[in-house]
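Okay, so chain A shows up in both of these, paired with chain B first and chain C after.
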Partner chain A sequence: MNIRLVSLPNPRQKSAASITACLILLCSLFILNAMIDETGLGTDLGRRYLAPGHGSILGTDWLGRDMFTRITKGLCMSFHIGIMSAIGSSLIAVIMGLAAAVFGKKVDAIVALLIDAFLSVPHIVLLILVSFTLGGGFKGIVIAVCVSHWSRLARIIRAEILQLKGSDYIMMSYRLGRSRRWIMAHHMLPHVSSQFLIGLILMFPHAILHAAGLSFLGFGMTPDRPCIGVLLSESMRHISTGYWWLALFPGAALVALVKIFDVIGENASRMLNPRTKQE
Partner chain B sequence: MISRQTASIRKSAAFLGEKTFRLAMVMCLVCAMSFVLVQNSPVDPVRAYIGADANQIGTEQRTLIAERWGLDRPPAERFIRWAGQIVRGNLGTSMIFNEPVASVIGKRFIVSLGLMAAAWVLSGILGFALGIISGVWHRRAVSKIIDLYCFVLASAPVFWIAIILLVFFSVMLQWTPVSGSTPPGIPAGEITLAQRLHHMLLPCASLSVISIAGVALHTKKKTVEIMQSDYILYARARGESAFGIVLRHVLRNSLLPAISLHFSSLNEIFGGSVLVEQVFGYPGLGKATVDAGIRGDVPLLLGITIFTTIFIFFGNAAADYLYTVIDPRMRHMEKINEY
Partner chain C sequence: MLKRFISMLILSFILLCGCGPAQTIKPGDLVLAIGGESAEGYDPTMGWGRYGHPLFHSTLLKLDENLNTINDLAVSHTVSNGGLVWTVRIRDNVLFSNGDPLTADDVAYTYNTAAQSGGKADLAMLKEAAAVGPNRIRFTLKYPYIGFIGKLRTLGIVPANIHRTGRNYARNPVGSGPYKFVSWTEGQQLIVEANPYYYGMKPSIKRMIFLFMDEDTSFAAAKAGRVHVVALPPILGKQKIPGMTVHPVRSVDNRGIMFPCVPDTGKKTPEGYSIGNNVTSDIAIRKAINYTVDRRLLAATVLEGFGEPAWGIVDNLPWDEPSIRIKDNDPATARKILKDGGWVDTDGDGIVEKNGTRAEFTLLYYSNDSVRQNLSLACADMGKKIGIKINVAGKSSDEILRLNHSCAVLYGYGSHSPEEMYNLFHGKFAGIEQLNAGFYRNPTVDRYLDKAMSSSTVEESNRYWKLAQWDGKTGMSVRGDAAWAWLVNLTHVYFISDTLDVGASMIEPHGHGWPITANIEKWRFTK
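So, the complex of A and B:
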């Protein structure tokens, strides 16, 4: 007879475990960031072009700055940009989606047009336009990403709410004399809240990649405050001479950070989605 | 009774009409928005026009230039005058290239179009094939490998991949050129197609590597869904081979949604091409966009915004069209409605 003493984890527990693991990884990044002091950011011309492992974990650049320090600080910077712009753009998305559904046909038509317009302008062109207007910098990048990323989530939320509007319990609530605003606050917002949360987490990878791309192209961040895009664009000047580590590690670190949020988002959506949550 | 053909033509015409109207609305909005954005930028147009000699000219001359350009008028009036020129097809003159914006965009777009089309077709075919393989042989080793590829590369920054490929193939192995779209120092007439393709190889590969992952992920999800359906179970019970199932059921059901999705990914492909062109110094529209943004060439930036918006809009419209018209279920619905 074959009796299992320890039951295998169910999908829900697995999801919870991977989310926890990701959060621990994320926390360790912050702890690492707090532990490292800023000395690695200063130039040290005696330690130029050290290959990884030779007295420095990830090597040093052409000014003797420690790449490990720069990457850690850069990741935190990218994280801040990503989190702020993801929150900003998903707030815009929810406001737009709700407004379209609640304030009648005219507002809905305007919002639909806005969504169409923002989906048609290529992200990168819009990003360049906005940061051109704002003159770059941290604020410029965050606002640019906010402005260009809300449309997809807004479309999902709008569709969801339009569908919701025809449902029996909303109609009934309306017939019972509840105002539109009351229905919005008590029936619609709770319904889209999980959509919002997942949208927010899944927006993060896009936001962080586009922010890195924008700073890579030279809009925004200055070299003294390292962010991953700047590190990579600096490395461009040195790859033809064979200093491969200047390019490899910052990008790999960025992929890891993005992947962490991908995994959190996927598992969270599996746990929050009513169709798969009971598996 | 209307024949099916006329009905479908009529439907397509209605779709076309609606999209054209939509495009007009979207363009008005985009023009207005980008005008406001550029208007509020800290770049002084007179200063940007004169360039390095800005300090050598007096205030009177500045006001003269401003007056000549109509910069002293209120923004609303300027917008109407600008929009009037745009409608007539005059996009103005690019400051950094010193030639009409339309001709700059035309020349640059041809270069980018080759790159984007190659990457688009390549990633579509490869991504679809990989997705089908990994979906049909779900939970096998081959599927695990494809999954790993997608997992890592679906969210990798395209410019990083481009740099890594550049380091490996151009610097270490020296198989491919380091930058540009043509070999330097050779007149345009003598460049062979092989040389052009050689220069396009790496940019195209970097664009595709990322895009493949996205297509494969989507196709796999769809394929797994199809493989678990009742009609596949029935086909298996009838004794159809795996190859027959793929050919007759999986391909047919997953191809159109994949093509449709691929059309709507033009936005990402273009975004990727901007970054990749920057890495490889590839003189396409993407590089022109970045140069226009950094050096403050407002006419070119606005022209590119308008042009690329139309381009992406067509991609999205094609995706919508495929969803509504070519889907056999939609066609069938129509037939039912006719009875």
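So, the complex of A and C:
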């Protein structure tokens, strides 16, 4: 019995370990980013289409820009865009969802209407509209993604809380004289925190891909400061011409980044979810 | 292997979504994937064919392979009354593809309609076209305008009785050109057949199918042997396609940097867009960039060798002034120009300053155009070497229309008519959308341009077109005011099936329409 306790960590410890590992990976990305200077972002027309290993780790592109530098810088840029817009839109979603569930019928009707309205507009239309109005760039993309992506999560959170409202322990809490606000803060928020996290994780790749789409259409980032989406859309053509490294490495980097977030999110939700946190 | 897989994937996709082309192609058909789909349709009076060779239509005059103007529908033309009256005699017995005769009335109708439509055909100089006999047309101009000869070369003649009914002519054109329109599935394909009534040399190819696909899909289709002629971006020009040979065609399809030539004094256009740029309005900056960029390197790398250095907007055309060529890739001269102009790096950050203004400006390009993007990025780095910081930004065409009076823009032009040079550099077009977007104004140049336009012969006008570029003292070109930094002329990349002989292609204009079909009568299958 004792031996088992020592040799096999419990699920919470395992989760904590995975999260730590992922955070270390993320940190190393930032350290790497800080260590690399920006000369690799400039064009060097004498060193075009170098395959990986021939004088540069991940090869160079059609203008002689170093892919390793571009991917590292691009990942960081995408990380920033992703995290900012994911947090932003999940926050909007939680506020909307909570407001709908807590502040009575009228507010609920308005929020439900808003959710329907935003769900019925195609994302890309809204994204272009907002990003264009704000003049594109980092700010434009982040706000555009925030404004267009909160509705799905808000709907889930609203449903969750409506369901919660009918559950026994909430009823009991009411009967015991707790205020709505207290119940919201102590019972409802913790309950939806896992939804929040999952929403955040799901939003993250979305945000990066939309940033790429917007940049491709000319409303987002400029290509001299690449985000990973720009790298991917640029490399599309080069797949058919055989310059595989231009697409493979940014793609793999994006998958890795998203996977890291996935692992963090999954484990965090396991640790926070009221149903599994005691395991 | 990967390439194969992806081509297969794309192809199966085409086959799934576009069964149309696969079913209608018969042996002996020529299949082309060279773009040229016109969203507005194929109505010459609305601008179809303004870059030449409307295919379904014939024009009064045309250019031969050596860019000489020769007769097409016309048998002769005269200019009188100081360039105000142009009289054209047309051939007898010309029939439209539906069998109706083409008369002077049709010609007059076409020109009057195009002038009134205010479309891209741009006939603002035309007062009236009138038939003065069964085969004579008299054009009266509002002012002498030698550029009118360019209109005679590009405006296709429409049948008045059909066009007048207004029944969607643009989607169902009838003309007197070598081919007649058969059908058009928008976004997919357009089919034409040889016009049995064509008066010129009968083409040996009886039916042509134009496929409209994006470049990568075209490439995949070419690799699968499904097309005979394909236009590809330069980046794909080095690829090998089985059964096809690369066919590079020189062009005046140029790319260059337009500079705002006036300082920013807070003035705005009537639409409220800012005018002027305090850095690019300094001639030293414009000249330095012109001297430091390595045009040959840009052509060899960004264009993958499918391009040549560009020095002006009309390179290698009869009105091109040869002496505007300079020795570029010369950072030493560029630095000296900057220093003489008062631009020195006083704070040691690598960027030069003058009176507290940093040599920094924004260069815009159309964000969906990768060639322009790459040229911009490469130029920005070439500018950095001599201490000029160029910030590159991709924008949509609407945004660029708002910013092009205050930011440099990487534009592309190139036409078979010097009229374009007139529109881009004459002071009277300053600030009109993207014509003279940079507010460039030089009274001497304006005078030459006016003289050229009001000349009564092409030879005389060519002399003035050349003087406007550089007269030994001043001019719009890099030797003079360096209003633009022209970078490259593209070489259009086609791949032609080894079973097809397309003859010699002429220097092509900016890419719209189907310039490669200019000598379509001479095309033939060899196998």
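Here is the rule we go by: the second predicted complex is superposed on the first by the 216 of 279 C-alpha atoms of A that agree within 3 Å, B and C clash if a C-alpha of one lies under 4 Å from a C-alpha of the other, contacts with A are read in each partner's own complex, and residues count from 1 in each chain.
In this text, a residue touches a chain if its C-beta (ideal position, glycine included) is under 8 Å from a C-beta of that chain, and two chains touch if they have at least 3 such contacts.
On a predicted model such as this, the values are computed, not experimentally measured, just so you know.
K.L.:
Should A:L63 be classified as contacting the first partner (chain B), the second (chain C), both, or neither?
P.N.:
second
K.L.:
Now for A:K259: first (chain B), second (chain C), both, or neither, which partner does it touch?
P.N.:
A:K259 sits against chain B, while chain C stays out of touch.
K.L.:
For A:L232, using the defined touch cut-off, is the partner it touches chain B, chain C, both, or neither? Pick first, second, both or neither.
P.N.:
After superposing on A, A:L232 lies in contact with chain B but is clear of chain C.
K.L.:
Between chain B and chain C, point out the one touching more chain A residues.
P.N.:
Answer, by number of touched residues of chain A: B.
K.L.:
Let me test your reading of the model: by the given contact rule, A:F219 touches which partner, first (chain B), second (chain C), both or neither?
P.N.:
both
K.L.:
By the touch definition at the top of the document, which applies to A:T133: first (chain B), second (chain C), both, or neither?
P.N.:
Only chain B; A:T133 stays clear of chain C.
K.L.:
Contacts for A:I124 in the overlay, against chain B (first) and chain C (second): which applies, first, second, both or neither?
P.N.:
first
K.L.:
For A:S240, using the defined touch cut-off, is the partner it touches chain B, chain C, both, or neither? Pick first, second, both or neither.
P.N.:
Touch status of A:S240: both partners.
K.L.:
Does chain B (first) or chain C (second) touch A:L113, or do both, or does neither?
P.N.:
First partner only, chain B.
K.L.:
I'd like to check the shared interface: which positions of chain A are touched by both chain B and chain C across the two complexes?
P.N.:
216-219, 236, 239-240, 242, 244
K.L.:
For chain A, which residues count as touching chain C in their complex?
P.N.:
42-43, 45, 48, 62-64, 136, 215-219, 222-224, 234, 236-242, 244
K.L.:
Can you tell me which positions in chain C touch chain A when the two form their complex?
P.N.:
2-3, 6-7, 215-216, 219-220, 233, 235-236, 239, 297-298, 301-302, 366-368, 370, 373-374, 377-378, 380-381, 384, 391-396, 399
K.L.:
Which chain B residues qualify as touching chain A in the complex?
P.N.:
22, 25-26, 29-30, 33-34, 37-38, 40-43, 151-152, 154-161, 163-164, 166-167, 171-172, 178, 267-268, 270-271, 274-275, 278-279, 286, 289-290, 293-294, 296, 301, 304-305, 308-309, 312-313, 316
K.L.:
Given the complex with chain B, which residues does chain A contribute to the contact?
P.N.:
By the definition above, chain A touches chain B via 113-114, 116-117, 119-125, 128-133, 135, 205, 209-210, 212-213, 216-219, 232, 235-236, 239-240, 242, 244, 247-248, 250-251, 254-255, 258-259, 262.
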